[in-house]
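Shared between the two complexes below is subunit A, which pairs with subunit B and subunit C, respectively.
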Partner chain A sequence: MDRVGIDMNFSNEKINSNTLLITVSEDRLDSRSAPAFKEYFTKTVSKEMQKIVLDLACVRFMDSSGLGALISSLKFINNQGAIILIGIQPNVEGLMTLTRMDRLFPQYENLEQAVAMAVE
Partner chain B sequence: MMKAMILAAGKGTRVWPITKTTPKPMIPILRTPLMESLILHFKKFGINEIAVNTSYMGSEIENYFRDGRQFGVDITYSFEGCMIDGEIQTNAIGSAGGMKKIQDFANFFDDTFIVVCGDAWVDIDLKEAYDFHKRKGGIATIVLQDVPLSEVHKYGVVKRNEEERILAFQEKPPAQEAISNTINTGIYIFEPEIFNHIPSDQAFDIGSELFPKLVEENVPFFGISMDFQWVDVGGLTDVWQATADILTKKVTGYPMPGKEVSPGIWVGINVDIDFEQINIKGPVYIGSGTKIEYGATIIGPTAIGANCVIQSGAIIDHCLVDDYTWISAVVNLKNKVLFGEHCIDHSGEFVHLPDWNIGWAINDSRCALKDLKVDDDLYQASLMVAEMANTQSDTAKL
Partner chain C sequence: MTLTPQNKVKIVLVDDELIVRHQLKIILKGINADLIFFASAQEALNYLLENNDVAMLVTDWLMPDMDGPELITKVRALAQHKYLYIMLLTNLREKESLVLGIEVGADDFLHKPIVPEEIFAKISAGIRLQALKNELKERNERLSEALTHIKEDLQAAAQLNATILPKDSLAVDSIKMSVLHEPCEYVGGDLYGYKKITNDSFAFFQIDVAGHGIPSALLSFSLGHELSKAQLFSDTIIECDLVGIKPQVLNVERAVTAINKNSFHISSDMYFTMTYGVLNVETGLLKYCQAGHPPLILFSDETGEAETHGEGGFPVGIMIDADYEEQELYMQKNDRLFVFSDGIPEAENQQGEFFGEVRLCRLIEEGKELTIKDLLNRIYQQVLDWSEDKKLGDDITIIGFQWTG
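What follows is the complex of A and B.
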């Protein structure tokens, strides 16, 4: 288990050789926390990690900046893999559906389902 | 015919955030405020002198209805509150308190009169209710409706004897404790003697204070069960429900705006829409001055306000969209009410749109949109998804 950056309210855990779980423990992913998330993501995610499972269960609110951070994270891993969302809350889901970003980020209820999808 | 009083002083707490900018009686349901549709119904029965008590956002109501002449009635307002240092301070005094204030002013109610809530439309046969009231000879008649037992927890429940005299009241009981499934609709007919039972200069409520007091004092009053349609906005989710019920014809007879250009499609004037070039499935209402670009999808029941712009490719499905809304091509709006600055879903959850900061997706159509500050990556990603028929290689194109 490899945990870094807990003080920044982001943490990660390697699930298997190509799957990384990133947990966001902020209750808002907005203009204040989104830049830190972007930075954390680029520092944490390495090339061999093809499946990033993002646990957003704590995030009760996300704005355009948070959504932008997710998009730039997706661009960062480019065509090498996927960002899979778990624990998505109604406000976040509402924003993602409205902007159709739900189509770019597969969503699952929990880690087990996400991993099952991820290792296909 | 009778004089009438419309109760319009409530704060509409349960309809927040819509009531942040619109008092409850003024909430437009398919362009007509509920209170207007109520006045038009009164007019049909020859009721043409109406007292309205106002308080919260009272000016909105008073400026809309003015002296009532444009609706063919005369309206007087009784404002509950005062002006302090140039600021209006509201001080609502309850439904019965509001009646008493009007009566204490100049004895307006000099004969049998009707009192109704301003936040509901009903198509009740007032003549039938009036005749019942006169026949029974009580000082009050409550119009009642029978509802399924599972619904009684939302209402005041009454119990009557075989002469239809009211014996007991129960406020919002759980189904298993309900004394009946007959509920108070908030429509009352009174004789002026009722004022002997209402204290002056204090807050007093009809349902929870006046009627229990009449029961306690053994004053005869009656309840008539009637079958009629009823559209109200008791809670936030009712704004959508009422609109959908009218569009789907579950409720009939509510004033419908626009012209039915094809079955289930009602449109105002001066619209910019090529119906051959959009995907539309009724029932849908589209307000005057609205532009819908080719390739947009509108699925009913949906009501789109006046002066909106719906861009090419946008999807609007089971929604209520306020006037002057700009919806960009990226948007997939499903099961939502856009009212003022809020996006409200059909379960009543809402978000203040400026908090989401997505002016590039939903905005006011009067904004100078070319100056929009767009997070370009985000907008482009959103637009790309909107344009994709197939998501297989979405990320590759980012």
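What follows is the complex of A and C.
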């Protein structure tokens, strides 16, 4: 049985005073891993963090539950900040476009570009 | 653990020597159990055949008619419901004998010559162990009973859920329609509906609540109830102010906008995708609003090609002020239209490859001679085959109809 939240692969690194990088090392963000991601996000992200850069380079597949976790993360940081996605794979990009979520989650190719955006 | 008289256990003891039986009787005098003594293995076996409430068997190894290991073998072969705790009384101490004893099914050994303290302690321990086992067994039975109840409830819920869904086929006027709806668990988060809302307008929708299982199904159920009560939200899209002029269908995205406003109070991570469409059965003009739902597939009778349509849109229940857009396409006579949930393209094979929309389009093209109903069944079968022995991870719904013009 999968022990959700215990052996899931998420990590974070503080980039600067208001920017946090969260890396998802799961290949799927779906109904199995989404609850763990949500929990990780709310535990890791403090209120003063305004820019969250989310590295999804490992995520090969995201379903509606995974998207739900991203949306509730965005609701968690409320209007004070942004979640910026980097390393998006084609499958995930398709879902973001289909659901117009690309308008809520800015996307950049890499961390440098995302940070540059974050500083602006 | 203290044993109350009601659950006093029964112990069968077998020894051909009267003196040993007598010794055991004295040693176990104060023990909280019913002791039933036999002088031969056969008598003990007969008793065990007729009584399945015995908790423990203590048997001597060396006996004239049938020895201890043979008795144990026969007792184990009875395959009673209850596990009998068996102790073998022996003065054999070689490794081989002990191994044989364990192999035939003994749980422990009592040594001869008899040491009263050892006998009393080991049998007491055996009784405790049996009591714990019985408790565990009862708990398991209660759990499986509870699980059965839950499953029955789910089945009842599934039946109730089915009552709010319209029939899975329809042939009226110029529409021949079929629906395939398969929740991956008892109840699912997929929902569909259709209705003729004016003389020339046929409305349909498909909804997929994010996630699956009971929370999604509950939301889906209440949405289905709301939508059918509100006549598929036709009030918001039909203008019939002017007497004598036939009702006009306005922009269909108004229906989705209304549903979005109504659904916004739902908890923060519950949302759904939907496609809402209205076909003008006189002209073949299809107006639709695609709210995060997979694209439509239009099969052209003329070219024999199936293509996806739709630019996407926001899902419902995420943003209260989300803008929804109306899109249009024209159906030609005998064209077919398909609306499906993401359970189809996202079905995965063993290699992690997705079924995808392209494969679905090819199936629709290959099945142009089939009735819609047969085609949908073929698609479902192909999706199942694609997933091989992997269980489908999501609900599957596909609506298909042919407009005969």
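For this structure, a couple of remarks:
Just so it is clear, the second predicted complex is superposed on the first by the 113 of 120 C-alpha atoms of A that agree within 3 Å, B and C clash if a C-alpha of one lies under 4 Å from a C-alpha of the other, contacts with A are read in each partner's own complex, and residues count from 1 in each chain.
In this section, a residue touches a chain if its C-beta (ideal position, glycine included) is under 8 Å from a C-beta of that chain, and two chains touch if they have at least 3 such contacts.
Treat the numbers as computed from the prediction; the structure is a model and nothing was measured.
In the superposed pair of complexes, A:Lys38 makes contact with subunit C only, with no contact to subunit B.
When both complexes are overlaid on chain A, the residue A:Asp63 reaches subunit B and subunit C alike. Touch criterion met: A:Pro90 reaches subunit B, while subunit C stays clear of it. Once the two complexes are overlaid on the shared chain, A:Asn110 sits clear of subunit B and of subunit C alike. Of the two partners, subunit B and subunit C, it is B that touches more residues of subunit A. Looking at the shared chain after the overlay, A:Ala82 reaches subunit B, while subunit C stays out of its contact range. Once the two complexes are overlaid on the shared chain, A:Ser25 sits clear of subunit B and of subunit C alike.
Comparing which residues of subunit A touch subunit B with which touch subunit C, the overlap comprises 31, 61, 63-65, 67-68, 71-72, 75, 91, 97-101. Taken in their complex, subunit B has these residues touching subunit A: 330-334, 336, 343, 345, 349, 351, 355-358, 360-362, 375, 377-378, 381-382, 385-386, 388, 391, 394-396, 398.
Touching subunit B in their complex are the following residues of subunit A: 31, 61, 63-65, 67-68, 71-72, 74-75, 78-79, 82, 90-91, 94-95, 97-101, 103-104. On subunit C, the positions that touch subunit A within their shared complex are 208, 210-212, 268-271, 273, 292, 294-295, 312-315, 318, 342, 346, 352, 354, 393-394.
Across the complex, subunit A meets subunit C through its residues 30-31, 38, 60-61, 63-65, 67-69, 71-72, 75, 91, 97-101.
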